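Sharing a structure below in structure tokens format, with a few things to ask.
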Amino acid sequence: MAESTVILEELNRLAPPAELRRAPVVENNRGLGALTDKLSEFAEGKIPRWWWILFIPSAFCAMVVLPMALIYQVSTGVGVWGNNQPVAWGLDIVSFIWWVGVAHAGTLISALLFLTRQHWRTTIGRAAEAMTVFSVMMAGLYPAIHVGRAWFDWFMFPIPNSNGLWPQFRSPLMWDVFAVNTYLMVSTLFWLMGMIPDFAVMRDRAVTRPRKFIFSLLAMGWTGSARQWHHYEKAYVVLCGLCTLLVFTVSSIVGLDFCTSMLAGWHATIFPLYFVIGAVFCGFGMMLVLLVPLRKWCGLENIITMSHMDKVAKLTLVSGLIIAYIYAIEFFIAWYSGDPYERWVFGHRLFGHTYWFLGWTLIAVNVCVTQLLWFKKIRANLTALFIIGVLINIGMWTERFVIVVGSLYQDFLPANWGKYIPTRWDVALYIGSLGAFFMMYLLFVKFLPLVAIAEVKGATPQGNPHHPLGGAKGKP
Amino acid sequence: MIFPKWTNQIPFLIPIGLALVGGAVAAGVTVYCTPKNTRVGYQPVQPVPFSHAVHAGQLGVDCRYCHSTVEKSWFSSIPAASTCMNCHSLILKDDPRLALVRESFTNNTPIPWVQVHIVPDYVYFNHSVHVARGFSCVECHGRVDQMDEVHHAKSLSMSFCLDCHRNPAAFIRPPGKVTDLGWQWSTNAAEAAKLQEVNGKNFVHDWRVESLQSCSACHR
Amino acid sequence: MSEKTYGILAEFDSPAAILRAAEKVRDAGYSRWDVFTPFPIHGMDKVMGLKNSLVGWVALFMGGGAFLSVVGLIWFSNAFDYPLIVGGKPMFSVPMTFVPSYIMMILGAAVGALIGMLAFNELPRFHHPLFTSERFALVSRDKFCLLVGSTDPKFSETETRKLLESIGGAHIEIIED
Amino acid sequence: MSSHNEKTHLPPPLDLSLWSRLPAVLMTLGGALCLAGAAIGLAGKGIELQLFGLSWLLAFMFYLSIALGALFLVMVHHLTDASWSVGIRRFCEHIASLLFPWLAILFIPILLLAPKIYNWLTLPATDGLIRARWPVFTCAGFVVVSALFFGVWWLLTSRLRYWSLRQDVTGDALCTHKMRFHSGWGIVAFALTLTGASVFWMQSVQYQSFSAMYGVYFFSNCAWVALATVYVIAALLQRQRILAGVLQENYFYFIGVLFFAFTVFSAYTEFAQYFVVWNANMPEETFWYILRENHSWWRLSMILIFGKFFLPFFVMLPVKVKTSLKVMIPVCLWAWLMQFGDLAFNILPGLPCHHFMRQSLWMSLGCLMFMGGFLGWVFAGKFKSHPPYPQKDPRLLETMGIHHPPAVEIPGEASTPGGYP
């Protein structure tokens, strides 16, 4: 130890000024064993009170409100929603895009930041992936019932049948089916595979027999041998690459649902990218909403450090800036194209009737509030981050509403103009899906490894065989 | 250690199980969820024991006598009680089986017939355009003139419609013979097929039969 | 050496220690040995002489296969078996087929990566001789173990044990199968 | 750490004494071709002058894309607080600072030939679309907006360079903060001006077309071709031992990965744009692609699809290729060619003749050579007069592979179970 202290001191002298020092991945470092204890502590401990306080209402929404809304809608028909001509896509599609969006940041954090070797992602990656998995589930719910006859959903799969029906692969809605299902499967698979080594940790720590049984089953016999890690790491890189592609693909396809049509306000070549970035932005907002309380209540302040929160906030800012750019481009192209319909639609987003305030809301929140994140003080203030996260989610929800309803309610013929007011069943379904999401998320938080234990350990200096703290001898 | 050694065999069974389940689901859907299973053979009990076999078959009443709008409207009408009473005010006047018809006639209330053939709301089907261009009732409804109680004879699935739309010449016949359900070009099967081929092509051409295959032809 | 011996297990304290130990075991001429660590150790692949994992190839082939089979499915279903006119678009065209095929390529490759990983690692394997060792349970925590398998031609209970002791291994134990 | 420094067996430095004359040769040859082109243009009665103008624009946009891409890399370096890119930052700054005044000078011929290049400047005001774009689509609008773009780039590049060079002297952390500040507002201004430049100078050659993706599409190509350039220059400087010690082998991997990522991203933007237009099938949009899917342009579009995406994608797919100079250098040079082809695909069909004209080949080649020689000469001058990499950057140690410890105190006892505060 003495030798390495000398080296550390020497390095300290050469290091940049304190303000430019790199923050450690995990604070208050006490070695690998203590880290393992810390990270598995919450999943093994008693269920705290705050958990019940959050869980019971979420479970109520998921177990009572959601089934009620679903059963009533499926048995009665889509007429129970506010959808009608000319607004045939209402809250169901708005919420669908919103949920898909929430999912994206999770994949981006865990996959893209892995590929760019951002070690800090190890602490929040798992929480982000879980967010992805559960919100894609919620997203998938909407198109399945939006079709109106949910029992005919099998039409969307290539099963030979006497109807002579094959899926119509030229339809963007069909691509949605592929995209959302693939996204769900790949993100679940990615999430579960990432957890295998941590399941092994839980297995080895398990005291009770049922617990040992469950985690033995989940860990699938993981031993952590070098050969296993060797294949595992390769598979992980491949999955990360694929997930990064998926981030771009899934939302692009959702964007194509809109822009392949010729409706003013929908048809723009930037729409695929627009939806990708909007999704990521919204997801980062949700990430802030989830991480701020989690790190406090689960006692993870030293793991999910303020530096990590700062980085998530910066990523939020980046995606928010791109969104602002795309808004600007949308309005610019509406003007530049000289198309009277386009100009009309975009003028009416801000100065029209019925929904004008929503247009201003999304500019106020998505464009203006996001700019607060330029300031270091705001990024260091957890309350502010939480509020901004909530606002971004509201703002992005509004954005989808403006896109979906704003372009539909006044189409090319004034005789067709109408309004869209969501009914209580629209709202109930949305609340139910929120409840289901939070219920599943809370279950995950309590019972599964919330932080990628193995990955975090590998990212600490104690896990680095070339670092003095990792046991390396000699000069670095 | 919680698992005995034999459990290491389980992974090899998983893919087999998955394949079996997947295959079973697909096969089950194919067999049980499609109109061939869900529609064909449907034969509800009607409120009045009306026999098409007697009326259309034995007595030779033309379809259009009762379903009078079939040539002019997208909808083939169900006869009002007054149509029945044209004859039944004289024939089988007091038959108890016709009590409901008489009641309907006097009270001006509809007879609660149970609809047998139905296309979903998302399908637009026009009877008149088919009948007027020489497509017989029998193509979709089967030999109703031989049915005591009407049952669903054909699947009316999408591919059923498209089979005809793709090759109308194989099904078209002289418009006068549309309601003659047993009509054939010839009693000789080979000759009938030949005549169908030659005449079918001519009819389709001469009468400008446009059997559309685009989605919006039916799903409009 | 009993028939049922699986190997000898030794325990080390730090990633650098296990890396050095692995180098020494390799230099001593052993070929059937493995290290067990709570996380992947940077540089261990090189020491153990592990070639580039084939998982990537499995993913590539599964992905490519999925891509081609969906192209085939689209051609068969939309252009051959039941061609339907939709929106004036050609029955079969590259831009149209690209999107679903591409998505399914990702799914195929992802499943391929997972299956490849599991297959090469012989997982799931619920029963493993190492699970009998109490100390082995610490591998997932903060210990680093090295196992020399009994199938190694150079394996000998005494010699191997001596070697492991000399390179700093603690809690050396014989694992029964 | 030590493992990064293993690759010290570099091949001997190249003898570049002959190559130092290259800018002069290129300028002379290219200048002669340019003069010939201009002469033909001025003498010709048909579209010759427009052809020359478009060729000049094509070459200009090529170097503009590299300079803008380099500017982007510099700003991203500051914003992400990256360490590995310290070594490549200085020459990126040099490339970026070509934007003003040097590229602005090269823009003057475009300004002079504008009525020939952009037919909307001369079309009567009865055209609805041009009227709808008033006041931007006027002579005054063209000058003012172009000046605005160059003004923004001047401010941005000069500030970034000023603080970067100042840090070489003082080593002050303040300079880092200043550069981050300028990158902060700069990246916003950059996005808007780049989009504006692509639409205004390039897309408006066929003024009827519009596409919301166009700016992003041009941006992705800028970053792509800039990364190719950076890779080549970095490899060269490494070989010459100028950046030895600062550039680690795995930094080539990073540049390569970014280059690969932008190969995919630029294909994504192009596909998205094409696909949306193809699918909606609206005449006011499709005319742009229909023109490029016919006659000789068809061949160019096929070359671009396979050469600009599939070839580099599959070549660079294996992990190890990204550090293999033997593969990567040809790919990077190929990327220049493809970027040039892509710009030609965008610009040259603006000619009223609807097919590729052989004349444009030597004309644009001449312009390319002339500008390349000129800008290369300016760049070499800048490079020689300043240290090749930021000498006192606070991240320099880190980029050299020396990890400094985290800012907090590390407690002595490692791996003690329990007792976690």
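Which chain is which? They are A, B, C and D, in the order written, and residues in each are numbered from 1.
Note that a residue touches a chain if its C-beta (ideal position, glycine included) is under 8 Å from a C-beta of that chain, and two chains touch if they have at least 3 such contacts.
As the structure is a prediction and not an experimental result, all values here were calculated from the model.
Measuring from the average of all protein CA coordinates, the nearest chain centre is that of A. Between the Cα centres of chain B and chain D there is a gap of 67 Å.
Put simply, the C-alpha centre of chain A and that of chain B have 50 angstrom between them.
Chain A and chain D have CA centres that are 33 Å apart. Each chain gets one centre point, the mean of its Cα atoms, and the points for chain C and chain D are 41 Å apart.
Residue positions 31-33, 35, 164-165, 216, 245, 256, 462, 466 of chain A each touch two or more of the other chains. Shared interface positions of chain C, i.e. residues touching 2 or more other chains, are given as 13-14, 43, 82, 84, 86, 89, 99, 118, 123-128, 142. Residue numbers of chain B whose C-beta contacts span two or more other chains: 2-3, 159, 162.
Of all possible chain pairings, those that touch are A-B, A-C, A-D, B-C, C-D. Chain contact summary for the complex, chain B toward chain A: residues 2-3, 26, 29-30, 33-36, 155, 157-160, 162. Residues 13-14, 43, 88-89, 95, 98-99, 142 of chain C are the ones that touch chain D when the two sit in their complex.
Those residues of chain A that touch chain C in the complex are listed here as 31-33, 35-36, 158, 164-171, 174-175, 178-179, 182, 185-186, 189-190, 193, 197, 200-201, 203-205, 216-217, 220-235, 237-239, 242-243, 245-246, 249, 253, 256, 454-455, 457-458, 462-466, 470-473. Only residues 1-3, 128-129, 132-133, 173, 176, 184, 187-188, 191-192, 195, 199, 210-216, 257, 264, 268-269, 272-273, 275-277, 279-280, 282, 284, 394-395, 397-398, 402-408, 410-421 of chain D touch chain A when the two sit together in their complex. Only residues 1-8, 10-11, 159, 162, 213-215 of chain B touch chain C when the two sit together in their complex.
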